[in-house]
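Two complexes are shown next, each including chain A; its partner changes from chain B in the first to chain C in the second.
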Partner chain A sequence: MRTRPLARQLLIPVVFALLSALTTAGCWDLEEVDEIGIIGSMGLDKGEEGRVIVSLEVINPGALASGTSGGATVSQVVAVVLRDEANTIAAAISNAQRRLPRRLTTGQVNTIICGQALARQGIGAYIDYLVRTADIRGSALLATCDTGAGLLQRPYLNPLPSRTLSSLAQAAIGSGQTVMTTLNEFAVRLTEPGIEPVTMHTVGRRTKDVQVKRQGEEVEQTEKSISVEQPVVVGRSIEGELPDDSPYLQPYKEAGTGELLPAVTIDIGIAAYRDDKLVGLLDDSEARGFLWIDGRLEQSALEVPDPTGSGEMMGLKVIRASSSIKPDLKEGIKFNVEIHVDVEVAQAPLSLSFKDTRLVSALEDSLRDLIMREALTTLNKVQREFRSDIYGFGYQLYRTDPRIWQELEPKWNDEVFPNLDIQLDIQTRLRAPGSVYGIGAG
Partner chain B sequence: MPLSASLEENASALREAFGSSADLVLRYIELATSPKRRTAVVAYIQGMTDRQYMEDSVISSLSTFDGHTLTAASIIEVLRDGVLTVADVETIDDLNDVKRHIAQGYCAVLVDGCDKAIVGDVTKWETRSIEDPTSESTVSGPKEGFVESLSTNITLLRRYIRSEFLRVEYFYSGPVSRTPIALVYVAGIASERLVQEGRERLRRLDVDGISAGLEEYIEDAPTSLFPTLLKTQRPDRAVGALLEGRLVFLVDGNPETLIAPATLHMFLSSSEDYYERFWVGTMFRWLRMLGLLVSLLLPGLYVAVTTFHQELLPTPLLLAIAAQREGIPFPAVAEALLMEVIFEILREAGIRLPRIVGPAVSIIGALVLGEAAIRAGLASPAMIVVVAATGVASFAAPAASFQNAIRLLRFGFTIVAAAMGIFGMSLLFFVTVISLCDTRSFGTPFLEPIAPTVVMDWKDSLIRAPSWAMKSRPWLIWPKEVKKPHGRPVPWSKGRQKE
Partner chain C sequence: MSEGLISARQLLLIAAIVRMGSMLIILPVVHYGGAPRDSWIAAIISTVASCLVAWLSAGVAMAFPKKSLGHIANAVLGRIAGTVATFTVALSQYVLCLARIRTMSLVIITQFMQRTPGWALALPVLLIALYGAVCGPDTMGRAAEIIFTALAIIVVGGCILVYASRAAPVAGLKPILANGLKPVLVASISPTFLGAVTGSIALSFGRFTKEPTRVGKSIMVSLMFTGVILVVVTIIVLTTLGPKQAQESITPLLSVAGSVHVSTVIERADLLLLAAWILGVTFDVTVLLLSASILIGDSLNLPYKTVAIALFLVGAIPVSHRATDVFMIGPFQSPEVTGPWTLAVFVGVIGLVYVATLIKKKGGHGR
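Here is the complex of A and B:
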């Protein structure tokens, strides 16, 4: 039999060490799951004198799982929004802790919303806090909004505001009019040379609750209210600050009154940053114009006029889009952007026949014109107005020739980028026009 | 102590040695010899012998024996070679030997005037018939299991290996009980060094009596939490081990045989693996490994994650768990230990319950302890799920002795998780793995073929390779010839098609 003197000697000390570990239960970071205040999302707004107003959506899990019988559920509030003002987020959270009977934990923050006013002033230091805090996920969604607290409102199709926003962001990628930026991506773009951050931009649309009455019954019975969006002029609400008395600024639900505020639906676009400062917003087709060159467009629906000149509009669906940016340093600095777009017919006038190859190529041409127009409009706006290289042309230059980049870096956004010569080469293809059946001639 | 020439002395010595035990029978027979008739005694123990066989082959042979022409010197040899029709007889001249044989169920024939005795094997006692081994049942494959009788068990092995290469060596342990222990191996495959080691350990065995629990005396790591000898009740399993060059120990009175050397992967494989397609067999193995990890770590992981590392959980899951935990009076670790202990008690009680009350207790266990504990707010549903999943997963490992080690270690992991979170669990896991690395079974490292890495042996441990692809025997148990005789599947060849 092998003797193990060392193991024998260590046996008793090890056993005692393990036993004494028991007595340390409850050490500094032990936290029972029913004793933590789970922060689902965080809103950041501009405060007085350079301070930041931090809104924390603290989730009440007991109210969320109303079906379970375990435990006594006293309150039905699914989330409480705590708000505090301080110079740093850390201080604001620790101030807010005074008013919460559970220990605040940031481990589950999945949405961070920055108010526009704060974003225009610069959010670098706050991003630093968020990245530095070990338990905040790098994959948390970072969005810009009219007011950060505004979105911590009554949610729709989801029990929690933070859930609403993060699932909206994922779904809205399909519109081809926004980007989804995580905290990590933002931080990386802040530090990488020659590329500026963009985030999703969100704006609330007020709705009106309509009572639906069931007809044909003697007693008018009120069904659950349905929220109907108020007609909003597209693009109107995206820039303006909301008035102080806007319901968006109210907490999610006043404790005690039980009054639900009108639902807010959320519309989205793209917010462009220069360094850590918001410089402008891209809305609707402008947002898509950015994505054509950026190459992150996944799906979108486009409208082009009927090439036969009937005056009707046709619907096309993007099934694939990609782009590549290539610097051309032969004569001065030029950039060529190759864009490949594959589309399907989504809706066509009944008279059109796709057996005609000329029609197909005419359609591809007019699609190319549309993409060119959208991309150039946005490019012009970004170059001249925003003066911020959110496309990453500088990054491509840096990768191709770091020495030239080093010379140009200090004046890139202000002088070089706005006057950059950028050629777009757009290739469009109508995929499988015959195999997508419609009722038209094609 | 030699036998005396006087029958009366020998008979009384026997009677005295057995303390006039009531079941010792001394049957006197008059032998027809000249010049005078002699008395013979047939000594045996009632119940250990085959009565019919005794009457036919011993008693009646002796009674009708006509030996008028015999001399005194040769009478024993004549009786042994020409009269007794017992298959297995021998002559001995030591009284202690005679006593030992009688105690084993032999009959002894002593003749007046001879200082020798004939012992014949007429043993027969009631044994259980061969049944499906309940602790290791499989869906397909043979349904035979070892029984309590050593000779039956050896027969079962012989039926699989019908050649002279199957070697059986008997050892008798204990001065009082004299339990036969058989060391079985296949000559030419098992290494001589290993066989010698097995012999040596059995020879040094110094105990009163042994039927179960032989492994405690002969294993390499007697204080280890993990078993280092594989117990099996399946002859096919034992034969598989024999053909790999391992030793098999059989103890009389115990249907569990011991296989040595045993390594970790053997505790996670089952005969079933070889009776299914190899893809399926491989999946079974991985499922068992997963089950092992689940049953070892899940409660600890649950406690660690919910009390230390909440950020690891997806938000909806955390919210669900937090909602369930609300109103539970105990910390998560107390809840976990409480439910674990209750489950273990139920399991332990369930084994010993009389069949009739079994269902009643299961109902109490399932309804009262599961459903009612949740309703009473003593445990959260998530915890019940964790404990139940752990309980089910612990049965995935086919070897019960290994399951039990995991059961015990699980409590360690739960406690450490409550004190130090995943960090503590990693530490304990590390300690466990290191100690396993240090463990050996008859000289073979317990974690072979993973540590030390023997890629050649992965074919029948991490995966279950097709039988025709297993061209070598396990490498680290010093087999004499690594190469196995066959190597390819035998497809329907073109030549044979023509015939």
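Here is the complex of A and C:
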């Protein structure tokens, strides 16, 4: 068989490869990392006349990389906060672009923070922008804060505010007092029947502000905060756009003693929405009360009274918790919630030894009472005050009998859910006394 | 001598890549029918329906070993009717080849590379398809072994990563069939069409198969294998994005990949799946171009390489002209278009050839 010369055999593949390489080099969308402004976090606040104030944390990756090089601290701007106001997020980002010598890109947005004032007004249109924009990932964390802009400027143990919040969201799950909600989850809860969205709620304020923070006052605080942090005068120099402490985003402030103190105390909780509107906040044990029924509580530390009646408090650590919601449609509409909680002893009075199984049973009963109290308190608040089915009872009804759901859907949150008969069946189990039954003292 | 031939296993892999490349990212099964929560059922129905329709093509191919539809149709229907039948199937494959290149370039330029003109992606892909077609079925068979392995690892690995990394799913698959069976049947039309197209490559590649009696088995196994993947992917998409978001998403699987955080393993699972899709579609359109070239070439007694070059030149403009928006994708894949197309071409024309083949065979035995 006659074979072709090697050069001729290679000619066609080489020509094809060259032609392909010429046209697929991607020059049209070429982006050099030192020419783009990477938006790491986005804060959304209520503006005037229905507009939205968009705050953008623009990361300087070069400064982040060189910050600790060679063990020496390099003083560079790791991020700047741009802010602008418009009717849509797209227009606000476009306006902000006029003051940044780099092309803004949203591909690395990992936290989106909604201010309470805006959240109470409704964030549906902004969620639409975030979901519609192809390069914003659905895994971006969505949080509700006293001000969207406020948290952007308060990094804590992390040079970047956006990373502070995302790290906090992952770590704070261990407190059992918050949830981590992604943009995708929020959108799913907006579209699925019979379940309302929740997000992590954060407070980026100094300690004294946290002390006075209670539900109902935040909106007023938000307005004040925005007026302080809102020098939205478009077209001026960039310095005029930024609050005094924002350009260099110092993670710490040095106290008079030389001790490094965080510039901000961050509190967390859960923000409850009805459709796209914030309707209330759950803090501390209220948040945990929600999570008992929701079933997303991963870890937490609990305090229950010593069942022997010593008056001392005992510490328990949740190992795992789960729940299931089951509709009972035999006589009207009822729901049975089964909650399973496994704990171990974290701290107990010196005199106690858990070799006594009666003590174990008593402690489990005591824990059951605590969980029942927390869960019912929150349930009552959510049913009566929020009137928003953030648990998804309606969703379970829809899954079980979509015809009944179809009848009840229009009046679910206002009439049915607040008066729903919900039975809790709580099963607790003390799995271990810790590493010892007791210290043996006393 | 086995030069220029492919094995039954290679045919299986080629068919599997064609089906995966055409449907996984766009996932037409969730877009139509008005009951997206039940689209996993539509995926199962479409797999069964695809096997039934594809069996017509496989049956014709097995009835005449070492022949393509170009030869077979001329033999059983006569020269004119046979040529019309062959051209109908070949042009269907060719139009789909061009449409898929447009779809891929449109998705990329609208979702990822918005300043890149459509032609800059479409023409190189068509060029690669031409090169693959000129190399012939045996080269495609060998390439399929490598590409299928890569695709399978990426798709299966990607699905496992996405499943393991996502948060607790809010959306579920219940209630099942809340809107009845009709929307589910409507949703299964488009994926059935894609399965029928996959089956139709037996009519061209069957001619180059070393084991002609195993053509049917290869096509069926590939359809069932990809059907299982389709069902799994559909369930993952539905439970992660929710039925409504899945239905509204242009590229549901990429949306899912972008909705999970897998930074400990890989930062951008969506880009990995996108790369796999581009690889799959490029192979897919190459197979379709080659298949159409073989059918037309055999029908007109022309070398398929010459036909492939002609089809490339003819397709260069429609594949790239005004490729600027994605709104063509929806109507093109809708049941209103794919349903009649399936019935007319892959059931009607190929069914006619199948029946004529049976009659001819029976007549032959009778004598």
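Keep this in mind: the second predicted complex is superposed on the first by the 339 of 442 C-alpha atoms of A that agree within 3 Å, B and C clash if a C-alpha of one lies under 4 Å from a C-alpha of the other, contacts with A are read in each partner's own complex, and residues count from 1 in each chain.
Here is the rule we go by: a contact is a pair of C-beta atoms (placed from the backbone, for glycine too) under 8 Å apart; a residue touches a chain by one contact, two chains touch by 3 or more.
Keep in mind that this is a model prediction, so the values were computed, not measured.
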Notebook entry, point to check: What is the contact status of A:I390 with respect to chain B (first) and chain C (second): first, second, both, or neither?
Noted result: neither
Next item on the list: Could you tell me if A:D29 is touching chain B, chain C, both of them or neither one (first, second, both, neither)?
Entry: both
Notebook entry, point to check: In the superposed arrangement, which partner chain does A:E185 touch: chain B (first), chain C (second), both, or neither?
Noted result: second
Note to self: Taking the superposition on A as described, I'd like to know which of chain B and chain C A:A271 touches: first, second, both or neither.
What the structure shows: neither
Checklist line | chain B versus chain C as contact partner of A:L316, first or second or both or neither | finding: neither
Next item on the list: Could you tell me if A:I38 is touching chain B, chain C, both of them or neither one (first, second, both, neither)?
Entry: first
Next item on the list: Using the touch definition from the top, say if A:R137 reaches chain B (first), chain C (second), both or neither.
Entry: both
Notebook entry, point to check: So which positions on chain A get touched by both chain B and chain C?
Noted result: 24, 29, 135, 137
Margin query: List the residues on chain B that touch chain A in their complex, please.
Written below: 220, 222, 306-308, 310-311, 313, 315, 318-328, 331-333, 374-375, 377, 380-381, 412, 415-416, 418-421, 424, 428, 431, 435, 438, 440
Next item on the list: Quick one: which bits of chain C touch chain A in the complex? Just the residue numbers, please.
Entry: 110-117, 120-121, 123-124, 127-128, 131, 134, 167-168, 170-172, 174-175, 178, 240-245, 255, 258-261, 270
Notebook entry, point to check: How about chain A: which of its residues touch chain C in the complex?
Noted result: 12-13, 16, 19-20, 23-24, 26, 28-29, 131, 134-135, 137-139, 180, 182-185, 187-189, 191-192, 195, 296, 392, 398-402
Check: Mind pulling up the chain A residues that touch chain B in the complex?
Finding: 1-2, 4, 7, 14, 18, 21-22, 24-25, 27, 29-34, 36, 38, 40, 59, 61-62, 64-65, 68-73, 105, 107-108, 110, 135, 137, 163
